[in-house]
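Next up: some structures, all given as structure tokens.
The same subunit A turns up in both complexes below, where it pairs with subunit B and then with subunit C.
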Partner chain A sequence: MNKYESILTNAITKMATELPPDVYSALEKACEEETKEVANNLLKTIIQSIKISSKEKLPICQDTGLISVYISGKYVKDYLLIKEGLERAISKLTESGVLRPTIVSPIKREPVIGNVGMSEPEVYLDFEGENSIKLMMRGAGAENYSTLKMLLPSTNPHEISKIILEQVLEADGRICPPSIVGVAIGGSPISAILSSRTALFSKIGERSKVNEVAEWELKLLRAINSLNIGSMGLGGVYTVLDVKIRLLGTHIAMLPLAITFGCWALRRIQIKKVGNIDEIVW
Partner chain B sequence: MVKEVVLPTPLSNEDVAELRVGDLVYVNGLIFTMRDLAHIRLSQRYAKGEQLPEDFTGAVIFHAGPVVEKQQDNWLISVIGPTTSMRMEPFSDFVLGKLAVRCIVGKGGMGRKTQEALSKYCAAYLLSPPGCAVIQAKAMQKVLRVHWLDLGVPEALWVIEAKNWGPLTVAMDANGNNLFEKVRNNALNRINNLYG
Partner chain C sequence: MEYSVEVVELSRRSMEFRVGDIIYINGEVAFARDRVHKHLSLEREILQELVGLPIYHCGPIAVFDGVKYVFLAAGPTTSIRMDQFIEDIVSRYRTPAIIGKGGLGILGKNALKKYKSIYCDFPGGASAYATKRVKRVEKVLFKEFGLSEALWIVSVREFGPLLVTHDAKGGDFRHNLHLSKSALERVLFEQGL
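And then the complex of A and B:
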């Protein structure tokens, strides 16, 4: 038996059926504070639904999405083993009904059996990061509104903020708000998108270590929530739970802006070494 | 005051004409799931004059793709929730005009074409709680039939007996009212005030 298959099976099951504690707490807080009735009712239903999912070990959302995996540090040397374990785990979980058969070929739209094949699942390697295997489930509602814009380098922060808000409005109630917004500014088209997505691994309420960026995150959070889009797109004070901004070095002639949304069901989990043992942690 | 309405399927024109945005609806009876590929196949077969697998007159359709379990000869829906309805926007005239569907249930609302078709054919668009997939599965009492499994489980056309499925919020009604429009316009004004 592949040594990673069992722990990856457990991690993916937990990710699909339970919400990270920080996201759950943020939703509870939103539910307590939401004054708009229609949004408040939805938040109550969301909390209730999460509780049943976790108790009955059923997926929180029927869209169990694309599974993306980020292997870093010492785990990278086990890449082939992890990839094999991952593919077996996903394939079996799809068969047993924990994962929906969601992956299809792009043109003919034919099912990719077991959700494995045609470069799925996505695996990324980072030799230098902390020792961990991070996993995220990406539903299409949020992913379809994630975007990359190659801005003019002369675009100022004020204008960048406006573009982000416009994208939040474009996404509207379709991304299952209250959402979490990952933003990356700079880098290349690839690194910007990747970084805007991995920013969602940072816990709700965790601020950027750069003061200026942390202030910008909070300012954007307040501005977005003042739009009154709400949890269903029918109004409400909670449109987003948090905003994460990452700055990356870029080319003198470029200014990429990547935005990745996480729906309220932000499903992420990680495997880390505790002593010599691999453990599943949030 | 929020009005709560229990609707048995198939729906009559009178049932739908009385629905107003903000009303909460509970659906009883047979419903259909339909997403991208089922819309494409249905419209292609209709265009060729071929027979359709079901009669959609007065139907409630759900933009959703379930997770199912097969238990002997029966299908069990373990989780089901709405998908983004806007992807089905190009089919609104076909679905409401040709198939005579009377309620579309989904997430995030639909566009101008659908709004016009809702008024023209007397139909409504309802919102189901996004992501709350186990709760909604409990309202799906029984899978009666499934068509086109070759499209894959989520994209197949599931025929389900629903019981007390709701609350579903009427977000667009047959009188041209649209709950999203006001929220969107206000948000747009707010962006222009903040960053104009």
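And then the complex of A and C:
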């Protein structure tokens, strides 16, 4: 067996059936603090469901989504092996029901067997990053409201904040709140979208190292939570669990703004080298 | 109010349910999503298996255990994508309830009011929880669409909690629930944004 197949199989299974501890704690806190009865009951059911999933190794959500993979550092040299192991793992897990047969061709909507083919899964390489293979499941509820806007360079932070709030209102309960918002400002259309998504790898509560940005994140978090969208859009004080903002260098004539949402079932995991051993960590 | 209702009673009692009520249902439910809705709206011949059944917007993870299909995950999918097909289906199939997440649009809501049907939200993402309320899979149709897009006839026990969010009188739980775009300047000002 390809050496990456078994560890990727275990990592994807864990990702599909268990919620990262930071996300789980944030949901529990939201449940404790939620004052609206409907939202409070929803969160209780959701937490109960997560517990059943991790105990019985059942997928947290039936939408196991598109799997995206980010290979960095020394792992990049093993790209071909990792890609092969990944494809085998995904095919087999689709057969055993850890993953749903979700991927189809875009026009005829015909199933892509085993969720592998037509450029899926998507894999990104980063030679310079820390030694890790990061994985994320992207469900369609949240992904359908992820967006890229090419703003005028003169757009100010107040206007940017407003556009983000408008997008949150537009997404409403369909992104399965309480959600996590990744924002990237600047860069190119591609780097902005990518960075707004990889921002979701940072743990709930982890703030930007840039003070001004950290402050912006917290203000946006409070602003969004005052919209009364609430859990599943049915009202409540918790619409988002966290907001992440990334700033990227951009062109003098451009200002890309990318927003990526993560549903409450934010499924992410990573493989890291501990000494010489590959280990699965949250 | 909280109700435990037999599926066969849903239609007769539809005017009793109000937005905000919680319902648990017992009996047969059809699990279906995008492709089945589109197909049924194009296909004029009535599919007898679906007549009178609630429709749950769901593409489950289903595995065949050698004897039967079992669901490993069965949470709701976003209903708004099916909005344009609701009137056609509810009118022809006498669908007593649509279940999903996120609610319907103006087309679907009008259709429910016209045909005295209701819409309920199942807690989004509560996939494992939903599987525990599935008694058994009775039948699968349109397997050629793939198992995630097939039509499943499923027996359920105390399936819920279903929150009534559109009732048969045209009530909408989400109406004016959130702040509107016109309030955003105030929200931004309050946070110093």
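By definition in this document, the second predicted complex is superposed on the first by the 282 of 282 C-alpha atoms of A that agree within 3 Å, B and C clash if a C-alpha of one lies under 4 Å from a C-alpha of the other, contacts with A are read in each partner's own complex, and residues count from 1 in each chain.
In the analysis below, a residue touches a chain if its C-beta (ideal position, glycine included) is under 8 Å from a C-beta of that chain, and two chains touch if they have at least 3 such contacts.
Given the structure is predicted, the values throughout are model-derived calculations rather than measurements.
The superposed arrangement places subunit B and subunit C in clashing positions on subunit A.
After overlaying the two complexes on the shared chain, residue contacts for A:Pro157 are found with subunit C alone; subunit B is out of touch.
Look at A:Pro189: by the touch rule set out above, it reaches neither subunit B nor subunit C. Contacts of A:Pro21 after superposition: neither subunit B nor subunit C is touched. In the overlay built on the shared chain, the residue A:Arg222 is in contact with subunit C alone; subunit B does not reach it. Touch criterion not met for A:Gly205: it reaches neither subunit B nor subunit C.
Taken together, the two complexes place residues 38, 41-42, 45-46, 48-49, 52-53, 56, 58-64, 97, 99-102, 104, 109, 111, 140-141, 144, 158, 161-162, 165-166, 169, 172-174, 176, 223, 226-229, 232-235, 263-265 of subunit A in contact with subunit B and also with subunit C. Here subunit A touches subunit C in the complex through residues 38, 41-42, 45-46, 48-50, 52-53, 56, 58-64, 96-102, 104, 109, 111, 140-141, 144, 157-158, 161-162, 165-166, 169, 172-174, 176, 216, 219-220, 222-223, 226-229, 232-235, 263-265, going by the rule given at the top.
The part of subunit A that touches subunit B in the complex is made up of residues 37-38, 41-42, 45-46, 48-49, 52-53, 56, 58-64, 97, 99-102, 104, 109-111, 140-141, 144, 158-159, 161-162, 165-166, 169, 172-176, 223, 226-230, 232-235, 263-265. Contact residues of subunit B toward subunit A in the complex are 2, 22, 36-37, 64-69, 78-81, 83-84, 86, 107-109, 127, 129-135, 137, 151-155, 167, 169, 171, 179-180, 183-184, 186-188, 190-191, 194-195. Residues of subunit C that touch subunit A in their complex: 20, 35, 58-63, 72-75, 77-78, 80, 101-103, 121, 123-132, 146-149, 161, 163, 165, 173-174, 177-181, 184-185, 187-188, 190-193.
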